[in-house]
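First chain written, first letter: the chains are A, B, C and D, and each begins at residue 1.
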Amino acid sequence: MNDNIIKLSGKDLTVEEVDRVSRYGYKIEITEEGIKRLKDSRQLVFDLVDSNIPVYGFNTGVGWNKDKAVFKDFFQEYNTNLIRSHSIAVEPEASIEEVRAVMLVRLNGLLYGCTGIQPEIALMYKEMINREVTPVLPERGSVGEGDIACLSHIGLTMIGEGEAYYKGVKMPALEALQQAGLEPVVLGPKDGLAIVSSNALAAGEGALVIKDVEELLDMADIIYALSLEGLNGNTSPLDKNTHKVRPFPGQSYSAERITKYLEGSYVWNPNWKKALQDPLSYRGSAHIHGSIRDALDYVKKYLTIQMNSSDDNPCLLLDERVIVSCSNFEPTTWVLGFEMLGIALGHLSKVSCYRSIKLGDPDFTGLPRFLAPSDNVLSFATLQKTYTALDAEIRHLSNPATTDFFSLAGDIEDHANNSPYVVQKTRKIVDNIRYILGIEAIHAVQAIDLRKDIHLGKGTKIAYDIIRKEIPFYDKDRNISIDIKKAYELMKNKKILSEVLKVIK
Amino acid sequence: MNDNIIKLSGKDLTVEEVDRVSRYGYKIEITEEGIKRLKDSRQLVFDLVDSNIPVYGFNTGVGWNKDKAVFKDFFQEYNTNLIRSHSIAVEPEASIEEVRAVMLVRLNGLLYGCTGIQPEIALMYKEMINREVTPVLPERGSVGEGDIACLSHIGLTMIGEGEAYYKGVKMPALEALQQAGLEPVVLGPKDGLAIVSSNALAAGEGALVIKDVEELLDMADIIYALSLEGLNGNTSPLDKNTHKVRPFPGQSYSAERITKYLEGSYVWNPNWKKALQDPLSYRGSAHIHGSIRDALDYVKKYLTIQMNSSDDNPCLLLDERVIVSCSNFEPTTWVLGFEMLGIALGHLSKVSCYRSIKLGDPDFTGLPRFLAPSDNVLSFATLQKTYTALDAEIRHLSNPATTDFFSLAGDIEDHANNSPYVVQKTRKIVDNIRYILGIEAIHAVQAIDLRKDIHLGKGTKIAYDIIRKEIPFYDKDRNISIDIKKAYELMKNKKILSEVLKVIK
Amino acid sequence: MNDNIIKLSGKDLTVEEVDRVSRYGYKIEITEEGIKRLKDSRQLVFDLVDSNIPVYGFNTGVGWNKDKAVFKDFFQEYNTNLIRSHSIAVEPEASIEEVRAVMLVRLNGLLYGCTGIQPEIALMYKEMINREVTPVLPERGSVGEGDIACLSHIGLTMIGEGEAYYKGVKMPALEALQQAGLEPVVLGPKDGLAIVSSNALAAGEGALVIKDVEELLDMADIIYALSLEGLNGNTSPLDKNTHKVRPFPGQSYSAERITKYLEGSYVWNPNWKKALQDPLSYRGSAHIHGSIRDALDYVKKYLTIQMNSSDDNPCLLLDERVIVSCSNFEPTTWVLGFEMLGIALGHLSKVSCYRSIKLGDPDFTGLPRFLAPSDNVLSFATLQKTYTALDAEIRHLSNPATTDFFSLAGDIEDHANNSPYVVQKTRKIVDNIRYILGIEAIHAVQAIDLRKDIHLGKGTKIAYDIIRKEIPFYDKDRNISIDIKKAYELMKNKKILSEVLKVIK
Amino acid sequence: MNDNIIKLSGKDLTVEEVDRVSRYGYKIEITEEGIKRLKDSRQLVFDLVDSNIPVYGFNTGVGWNKDKAVFKDFFQEYNTNLIRSHSIAVEPEASIEEVRAVMLVRLNGLLYGCTGIQPEIALMYKEMINREVTPVLPERGSVGEGDIACLSHIGLTMIGEGEAYYKGVKMPALEALQQAGLEPVVLGPKDGLAIVSSNALAAGEGALVIKDVEELLDMADIIYALSLEGLNGNTSPLDKNTHKVRPFPGQSYSAERITKYLEGSYVWNPNWKKALQDPLSYRGSAHIHGSIRDALDYVKKYLTIQMNSSDDNPCLLLDERVIVSCSNFEPTTWVLGFEMLGIALGHLSKVSCYRSIKLGDPDFTGLPRFLAPSDNVLSFATLQKTYTALDAEIRHLSNPATTDFFSLAGDIEDHANNSPYVVQKTRKIVDNIRYILGIEAIHAVQAIDLRKDIHLGKGTKIAYDIIRKEIPFYDKDRNISIDIKKAYELMKNKKILSEVLKVIK
């Protein structure tokens, strides 16, 4: 376990920090102002209730039942029932990493100070993260207007019910708490709602998807650079000055990175044998990767706001000392961003597929068809089916899902956005692209080897070496599905990326 | 293991038989005429080759490489390489049941007599099925113009490479063969292609999906009948004579079945408290379930033709004693049917969701809102999110995927249909509906209990009892996700169905 | 105007007859049994009302208002209000041909005898069709659970309100009636509902779409045959015996037709210069066209049942002398078919596009690239954008729409199917394909001319001559958009089809 | 015609200016620096050609033909042929307003200075705009990688071919030029490509769509405010402080605007009869409208960059005095934005529909069901079909289309984005929402009238008066389709908006 520490204030959590805590075991601490806001907001709730102001989920019921008084002495039972009856999500489970991300995001939201949760319960999130108690959280069942159906499963663990992981081992939740030296919480007024009424499932899973897309785009730039070397392609589309007159930020960024990866490469040599213009899948790669970066920027910007603001309803306002009914659980702004991102990633998939196709085509490479080292080797011919089949699936997944909902809860809940599913389908797209880029990488290094004695770029050489260590040259046919899996892993783990980034800043 | 036997001739395999062999362990035998066609077609290949007629995959290469002579003595190496280099599918694995269905369908196709495979290899399919050797078959990677990328993994097992299951245990393929008392095959000319060039993946998985949809529709009729009792709904839409003047076959069938399930039920009693007309989700259930039956009929009819005809290219014609290049691997007719079926199932999902919503609404039932037995019980309120979230996913999955493909293999393979993915997304829709119907069932029995002392139908009573044995009445809140899972299992296993069908013929 | 006559009985209307009446001015007559059923059912309604049986839309209100008594003496006012208040459809207008088809289908449905409409109003449909009075009918606004919102506009014309066409000229409806020698009808009990509550909009428009798809498929077979001659392609995929072992009905039919069109063509000559196997867009055309035929069969079969059965609710049963509440306005079975058909047509679009692409590619034709007669002619290069852009639109349109609906009318109408929109988007797909096939035709005849002195088939020669009469050989660049439009018209009007079919039976 | 003048520099054109020039007849002038860049870049082209540097479209061919020398003296013929042969777009025509927008955007791009067009031709755009010569421009046929197929039709007019509008009257292009006192241009080297190779079609049409969405959102805020008064809804979700703790920019903006429109309204009065929490379609309107604003911001930001940068290939770099092959015609960044915007507008459609549904529901309003003034009036009951049918169409249109393309031009053009179609389908969504909001407006004012004697807000009162002037209170049924059309027009023309904005800043 990691001893690095992230300080949480409710105001400045980043996607990178979510990645570190959920995947790399960084510990968390809460800032003093965070603690203060927790306490102040809890006190405010009590003050308001004492003034007989109706507070949803506190001295009223929930949803359609909102008009039913819930008397003070039934608080624990009521909130426990609320958690149990809202535990309605279905398989598959979110990964342990994801559940950690979800808890972290929820905790940060609580620190923002508009919830009024019992401070002890907020601290429970911290302890569960730090001590590695992770609830079993089935990830389907919420429509995104608050991720109630799923987040309740975190509540279950907190009260010692259901199942949880302790340091990666699944067990009854109560046992997990005990092994970690924790006690189940006692739910007080509004605590049930405070646990479940939040966008934290989609936001937490979404933060990890954003991190993954960032890394995927960095990988895509690197693999494209390798393919350009495999193709003996033109570098003019990387020309800095052409990007200056088309100032979309993403394309300049990608062009600059690719240029750096290719520093010192033979592709920069004047070479009369090059085509005047390469296929668009090569000529436009920096532009297209860049467009996905532009789309990603939108999502990241707004998801970061989500993680550092209030999604509470009702919303406690500390300064104004009031509690207000509102719709701040509406995450539509960034859910739309994930829909866009999925479509954008479809373009990445397409260009990667076309780059691989071109590497198998002698008209574009001058190399043997399907990069066969000899006539008896068939391997790269059929491989086209694999990546285009995965692309068809991406095309399918990139259809929108955010506007498909029912009017629920006695027609009160007549809007939704399906944020969890939208994030989850984007995650699936990302995973498919890892295969597609991995297969492109297999093509690129094969083409490079067939060219013999060419000088690779400063960054691409590192990538080449790592790939070739795992996947040797195809001199004869072998069970290629094994190599596909290895290439996929290389796109997923950060081996190539971290080695390249050590050298290319 | 089951000792029942199915006889395979290549001409009359049914969806029901695929279900029995793949899931219930029925053994297979091959008819004499099947064996004869196998031998005759192999002989014909040799005769043709002796006449120097070019035979694709035999004395020519494959795909873009089709113009490259493959000399006779390289047959084993060539075909082994073909299997290895075409083993390019990626996760997830098809289930053991599905792989058995795939092998069965492929074997039946071989018996049809247009392939010319080595008879020993055809027999290997039989032995592997009967002795429970099941290749590990990753199910993504084929675009459906032949399921080459995936079927090659069956070939891998046959030559003793890769992994396989023996009686449910995963192990190296060679070991699985040995434990089953089998030897790896020696591939001769055209055998590689014969193994991989077929629609058997999608057809085999598809046959099981069809069986599942049939059972799902039977379950849907039963659950609807229960819900009608829960609602105290009108039976006039079941009136046989109204269906006679609207002669779509499905709606009459469903209406008749539902009528039988409800035989003896209190809902037939004249009751002035009933609404004049129920919501369409009740009034139209027989019609809508019936429409799905009509769509299913289309798919089943054509998939049955697929399973009992030739998908070979080139195609050996025994009577004409020729081998002809063709496109009989085009399965578009029934792939379109699966697309339609997925959309059709979207309607089933919607009506089931709306029926559950109505059961929670006092305006339609006269029962407590959300079927709460007392004011403190919250359970059925939030449950709406679960099933509508799953419906949103179904809506997403019901988008088509069959026309999204690339032009591959040097622009020779410029058509595809994505049959495996289309079948697999339909399978996913089916699975989601099991949850949705299961939750409807939970509503229906709760509503029935709240009505007290009503008399259920002959079929619905059986269903009610089985459900209530697993899922008791909600008198107080509990972790409802456990009950959802149980209800899902009841929709999937055939407990209710088989018990009801024992009584209702 | 045409003097041919179609006899309507309510029981045997065909798609072909709908085509003839709506587009070719065939007159209609009603059989005696049709008239009898009209009268008997009207009498039955009165008998039932006299027995104080509640009849929806007769002695009850409509929809959510169904519980409000409507007293007998308010019948005319009530039904007039019903027509006015249900006239809620929005632009664009259905074409005159389509509105005629809609009226014909509605009339035939009335003759089936389950409606109980005033016979005089049924006869009004006949007169309006025969005398060419055609209501202005905006075609958007119905969700298909009955096409109420749109069909009411026919009612408006009948009572002399709104606008209508008389012999193609738009005018106030009253004037149109007068010019045609007709009087507005006086609405009696249930007449409003009888006019509006039917699937006739989608069914009428759908019948014409089906006819159009049939003709489109015949054209596609012809154009493919021409392209095969342009390519100098292989005929082996047309081999009758290969289709016998793959007995999907459509592919055999298309293969047989194409074979006939090509009778006597040079493509049948043994020619060693041919590729061993053509691209799938050529090799699989008969199969793919055939799959669309298979899908079309499904739709046509069930739409024909729709046109000759009852979609009434409530449903009068003459034999049983009762009126029953039901859901016979559920057209989901064939709406699903139109969804499938749209997806199927996407395959037609794709193969046609790929065939055009191949005709521009010297690697496949041995002809100049982009079929340029000399280096200075650019025409066929960019044309690829036009047809692939139209294909992208088809891909978009082929997404399903049938399950996207709201719960309406106080949550009573919680199912719908969007049949009008589903039919209309299919119609749009068909229209786009006319351009795509038209452009393929331009390619095919250009390739044929460049081959010089080849002998065309018996059918293809006729098609070739008609095309070339409109669109001369490209010897230099010209405004090609004019030719595209001409080619489109040739695909739409039946000139080629009727000339070819005169010779090829 | 308007005498206002917009100055074009190539660097600072705004969406608002595009709106003014194309729709309100503002004249344009070109700044001196714009002229200078035009001249300098033309000179640079000549200098480069003199140095024998290959310049695509200048001393080389185009596309796959790019390797063919085009000799200097064939420039006019070559470029004329290029225009003719690229004139391949098909119906429907873009509107006159849109074509003006397209020409304006293209002209501004030329002034940016990376094209090297003949300055006389650039000036021709200016003259055609100012003198109201508008080419007939069919808007389908481009795949967005440059809108070549469509923009060529502008070139046709410039050389006096094809058809054009002069002051709104269609005529032969040559005649239109002559009537406007213009001469056809003489095309020189690279001019053909300069005219056609640009994203100006999608960008020009897109700019108008953006303007329309901005106005639609302002209208949506106003109509929502009216509906809130119709519902007697809660204002707490407008609370400024709740938006401060959820700092998505759009929701704060909408909440602030709505608050202003409602200034002085009775809805702010404490009223114990209000529900504690309104349906989400009311509670979340500011949030959801705001999310669409956030999505719109993305598109507007990047489209503005598009309009003020280079989409040329090859790209002239004035400072560096080189010409570089690149992919700056890739507009994917903002095409993705339009895809997102279409999905976002789906949410607007949904909430507007649900607000109308709620206004018809006594449980939420306390008013008569379907806002009927008396029992005999049916009007608002069926109206639900109209707007939900249009919403279903929006749902369909919101599916993505940007990744559906072929590999074209000898596999060189293997990326596209369908920008024109993506913009056009978004435009269609916008138009549908005008109906939906218009119908909501009809509901809102009916509900307001039924409440009697309530005091409306400062802004809503103005809107109310304008609507009521066109559409009187429903005291009895009438042909409601006429009112729907009027309401649609009110959403489209700016009458309400401009009157309200005069008072509410």
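Here is the rule we use: a residue touches a chain if its C-beta (ideal position, glycine included) is under 8 Å from a C-beta of that chain, and two chains touch if they have at least 3 such contacts.
What you see is a predicted model; the values in this text were computed from it and never measured.
Participant: Which chain's centre, taken as the mean of its Cα atoms, is farthest from the centre of chain C?
Facilitator: With centres defined by C-alpha atoms, farthest from chain C sits A.
Participant: More C-beta contacts across A-C or across C-D?
Facilitator: The comparison resolves to C-D.
Participant: When the centre of a chain is set as the mean of its C-alpha atoms, what distance in Å lies between chain A and chain C?
Facilitator: That gives a centre separation of 46 Å.
Participant: Compute the distance, rounded to whole Å, between the mean C-alpha positions of chain C and chain D.
Facilitator: 33
Participant: So which stretches of chain C touch two or more other chains?
Facilitator: Those would be 354, 357, 361, 395, 399, 404-407, 411.
Participant: Okay, in this complex, where on chain D does chain A touch?
Facilitator: Those in contact with chain A are residues 54, 56, 60, 66-67, 112, 114, 145, 234, 236-237, 239, 241-242, 245-248, 250-251, 276-277, 279-281, 283-284, 286-288, 290-291, 294-295, 298, 302, 305, 309-311, 315, 317, 319-320, 324-328, 330, 332-333, 336-337, 339-340, 343-344, 346-347, 350-351, 354, 357-358, 361, 363-364, 395, 398-400, 402-405, 407, 411-415, 417.
Participant: Would you tell me which residues of chain A are touching chain B in their complex?
Facilitator: The touching residues are 62-65, 68, 74, 77-78, 80-82, 84-91, 138, 140-143, 148-149, 153, 156, 161-162, 353, 357, 361, 369-370, 375-379, 381-386, 388-393, 395-397, 399, 401, 404-406, 408-410, 416, 418, 420-421, 425, 435, 476-481, 484-485, 488.
Participant: For the complex, give me every residue of chain C touching chain A.
Facilitator: Per the touch definition, chain C meets chain A at residues 399, 404, 406-407, 411.
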